[in-house]
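You will see subunit A twice below: alongside subunit B first, and alongside subunit C after that.
Entry: the complex of A and B
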């Protein structure tokens, strides 16, 4: 076997191996530690897990293409909150009063458009100024969050539309609405990245921007499209989640950017760009959600969950680096 | 007889599936410049890593003087007096010359403060020996590549070096800078240090070295006295073939003018440059690094905006604002830095080759993979690209095959002008002659080819006419009949015929 083959195979499947490991661990540990006598690997429980993965998962798909492209977006949590407010508030606007339930698609479109625009704005600034995406979206994260607080102060924004709640709580073929959205987005972004010219160019730009420019690729528009996509997905995530919950706090979505990036990195996307895919990211999202649920199942509290996820993230990256060095006989630096 | 400073005996190093070194032996005497030659992949790098303590040999021994040594790691190799001057410089650009030279062993005062006075004094003493034009406090990032290399050499002089290994030291140096480097090497040699000199450039090898050891496919081919051999013999030992570098002007008829440049200027980089290239012609650009050749290519390719002048393509004036513009008009650039500017190393061969045209190949929203594979297969056969298949990552190919991928990428776009900047930099001898042959063939097929090179034998071999540049200006354009090595050197050194005595 050629050097690197083993580590590569291990790497591409590693996150799924980790998912299986978690399932086994929590099932066994749950037998001894859990207070409930329900098995962890219960079918209902797994379906719920998929649904709960959706808010982070939908955004993570966008983050995958943004990071493969060589950028990062820290403003997704704030965009998520803004889109939620637009969704819930716009349904109460007097101009839409005559629409009846037709206000729902209007509010959805409005929220999605706002998310996409905020994302595109980030991308436009990165494109035209050449400032690093990390800085631009760090600024946007603070700025967009400021807008959230300007809107309603510390008060939550609430509106329950029962038709909408019914839609969000509906199940089709056993899967919840949110799960369907997660799967659809995963497929769409997979298709975009693996099969289209835009996806191909995004990889090229992330891997070697100079060579991409020299091949006649217009780097800026591709980056802006990807920021628009992640903005749209942050809004979609909000729309799916708040259709059901009906109330948004001004702090909602905080730290989402970090959970999303954690999932993407766990899924094997290179933080420097050029490599990664949504299948890995999907694994990363599931792995995190399993960990949260599993630790809850065996009686750990939230702070423990965060500590464990942090440790695992670092452990995974250390392992990944070791495998890489083995495969390539790289210099030890 | 004196003992060699460094002696290798039957070194074997295997990697899974590969015998990278297979019984290599050679010895470096004090005060000797010993060339190590071989094609890319012959095992030179592995051998150096064994010497530097990065790899441990599976069999064989290393001796220094009469003592058997084991290099457990890079630090130990350095402590034993083996110093490497790498092809790729490893300097911290934001730090000063002195800080770079003493990095890791800065002299300190109380509380761990850096003793700047002592640092600068020690550094200037070394710099004086090297006879360089900068001082200890200069920021390394402000130095030219050649001077940065001097900093690396200065660093070597701070330890009690017994053997200094130069790995392709002239790869990014101009001819004038090389002269300075060679002086330094001669000085080192005079102090009794053993020098291992790794290079692909025959000219230098024959000028600088005392003996030559040759590797082929990890096997030691023998050591010869430089004075008692010639380029052909050495090349044959390396590859078992001959490298043809004879003069090579076109025999076919030239077509109409494909590209004409009139009075083109770009700030201080180059001024008032005019030339034309016909279909079927190879126009060479020769000059020192920094003479403005690459910058002209970058302007033609839309990476720089000219401050004055006209560019005419097939007789029509054009303005080129971006590489996308240039490509659309049929101008292609094979850049100087293949890995940094030309290839997406993480992508496979096919995707690299079709990168500029995937957008044209798409079927609906899809990338048309079938069409891509067809293009790859066509140019793999035409350019004889040796790869297991299109799925192979470009980063795993040899330099010569990588360069062919870049060339194939542009040929598949059917350009009218092909600009090639340093076509054979870092490519082994065998592939070099293939690339040369290819460039000649492309001209014969009616392409207008512009070749920029820092290697005189290369421009002389490949080009029909040669533009000599000095300090941003064209000094003279030579036809095949006019050019000689002497008048070419004079032109690129800024000497006009009247001045030359």
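Entry: the complex of A and C
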């Protein structure tokens, strides 16, 4: 074994260790504290968990590639809400009236295209103006939210299409539609980042932007593509979620960026860029959803979830730093 | 030269662009609605911006030192809830110092994590945003806090009182701005803040205790947040748990509009005050000409990006980014 392999494996596997720890803890604690007599590690419960992870998880995959790039996207929650409104509203537009149920794919495509365009707009601004992605997307978070409100004021936008609901609630091979989407997106982004030139460039740019420029990588368009990807995925997340629920409030998706970034950082992606992978992010997403579900299972309320997630995020940062210092001095990472 | 070159115009716009835009806005709004530039309206804008403004003063220190603070919104909710709760339990005289102590303790925790442990401030304060929100909800049990006897207390003075015809929130904001402006521009501590934010390594080598300076910045920020919480609590005499939610972004927007760079090392208290006023007047002006509150979100978006863009364009000497 090469030196450093062990500590690297320890670090990349840490999130899965954490997931196992959570499972054990909530199973044991659930025996004593839970009001329901169902076991926490019930198969159906775990399947439900995967389904509930989908909205955050799908966006988190996009956030991974953006953060590996050394950027960040704070506007995903607002993009999520806009895509949801476009999806539900467009199904009632008179021009699509003659389409019958064929309006569904049209509405999906419209919502996804809008999400991708909003993402690409962020990317374009980052590329052309050179303003930091944090500021660009912070502004967009406000601006896109304003656009959400312009649609329908403070009223919710609702439209139930039963064919669509049936599709969203369908199960295939035991997994819900949303779970399939999460798995497919995870695989697609994993493939993109691990097996393609675009993925390799993403790491190169995050690691050292100057060097990447000198190596001939077209950094601007590359980053714009990644922002388009995360916008697309935020829209996909909305499409999957609102196909089932059929009603969107103008405040929906708020704080999603917080959950998504937490999941990505828990999964081992560096905020400064250059390091991180999709499998870790998947672990981070599962870990957060387990925590929310588990704390609910043992009777804690939502305030505890916020408290615990915040503290865990900071604890991970402290641990990561200690491991890195140790690595430099002893293990020569 | 009689004719200005394009570059000169560009440089001028970049340097004073935010003020030019501000003046243009003021003129536009005044034409649209003559009520806009009346003393009454100006006073009410400054008054409603005061709480945001006080928080922005503290965050200016943090940003100049090269860090971020996304936890100020949650922290403001926390101090508001705590002081309202303690008011009825131990009386206002004791409640205020107790609330300040608790808020400063939170600030010290963040300062320790970012300053001494050198953790990434974005993630730490993002975590604290969530954690403090949870802490507030746990403290209050999720219930709204109200002062029972609203008439029989002097507590309302910080948010509703006025002295010499000027509302107290404005007095607090102006006094703090003057005080912190002096600290930042005239004291050794202020110079250290700029040095640490401008080039941390160089600052360390020249004997500045970087960790301690960053720590102190977060303490200042927490003190400002506690003051803002006090003003908020005193103004409404009762509060929800989410009163400060989302304010961290408005605060950051004001600081950035004022021209402080997120990379650290630049910005002043005066500019932050301008940033706060711009946000306040835009909000007010859009409402006065009959637009909905959410239009200001879109306007703020455009203004933030233009302001930062022009700022860095002036620094690099060309409008478009050199990134291929």
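The criterion applied here is as follows: the second predicted complex is superposed on the first by the 323 of 333 C-alpha atoms of A that agree within 3 Å, B and C clash if a C-alpha of one lies under 4 Å from a C-alpha of the other, contacts with A are read in each partner's own complex, and residues count from 1 in each chain.
Definition applied: a residue touches a chain if its C-beta (ideal position, glycine included) is under 8 Å from a C-beta of that chain, and two chains touch if they have at least 3 such contacts.
Computed from a prediction, not measured in an experiment: that's the story for all the values here.
In the superposed model, A:301 makes contact with subunit C only, not with subunit B. Of the two partner chains, subunit B is the only one touched by A:197; subunit C is not. Judged by the touch definition given at the top, the superposed model places A:214 against subunit B, while subunit C stays out of reach. Within the superposed three-chain model, A:138 lies in touch with subunit C and out of touch with subunit B [touch as defined at top]. Comparing subunit B with subunit C, more residues of subunit A are touched by C. By the touch criterion defined above, A:274 reaches subunit B but does not reach subunit C. On subunit A, the surface touched by subunit B in one complex and the surface touched by subunit C in the other have residues 213, 218 in common.
On the side of subunit B, the complex with subunit A involves touching residues 15-17, 54, 301, 303, 322-324, 326-328, 333, 335, 340-347, 351, 355-356, 358-359, 362, 365-367, 409. By the touch criterion given at the top, residues 72, 125, 127-132, 134-136, 138-150, 153, 213, 218-220, 254, 258, 261-262, 265, 271-272, 301-314, 317-318, 321 of subunit A touch subunit C in their complex. Considering their complex, residues 1-3, 195-197, 200-201, 203-204, 207-208, 210-218, 274-275, 329, 331-332 of subunit A touch subunit B.
Taken together, the subunit C residues at the contact with subunit A in this complex read 113, 117-120, 122-124, 126-138, 142, 246, 249, 252-253, 256, 262-263, 292, 294-298, 300-302, 304-305, 308-309, 312-313, 316, 320-324.
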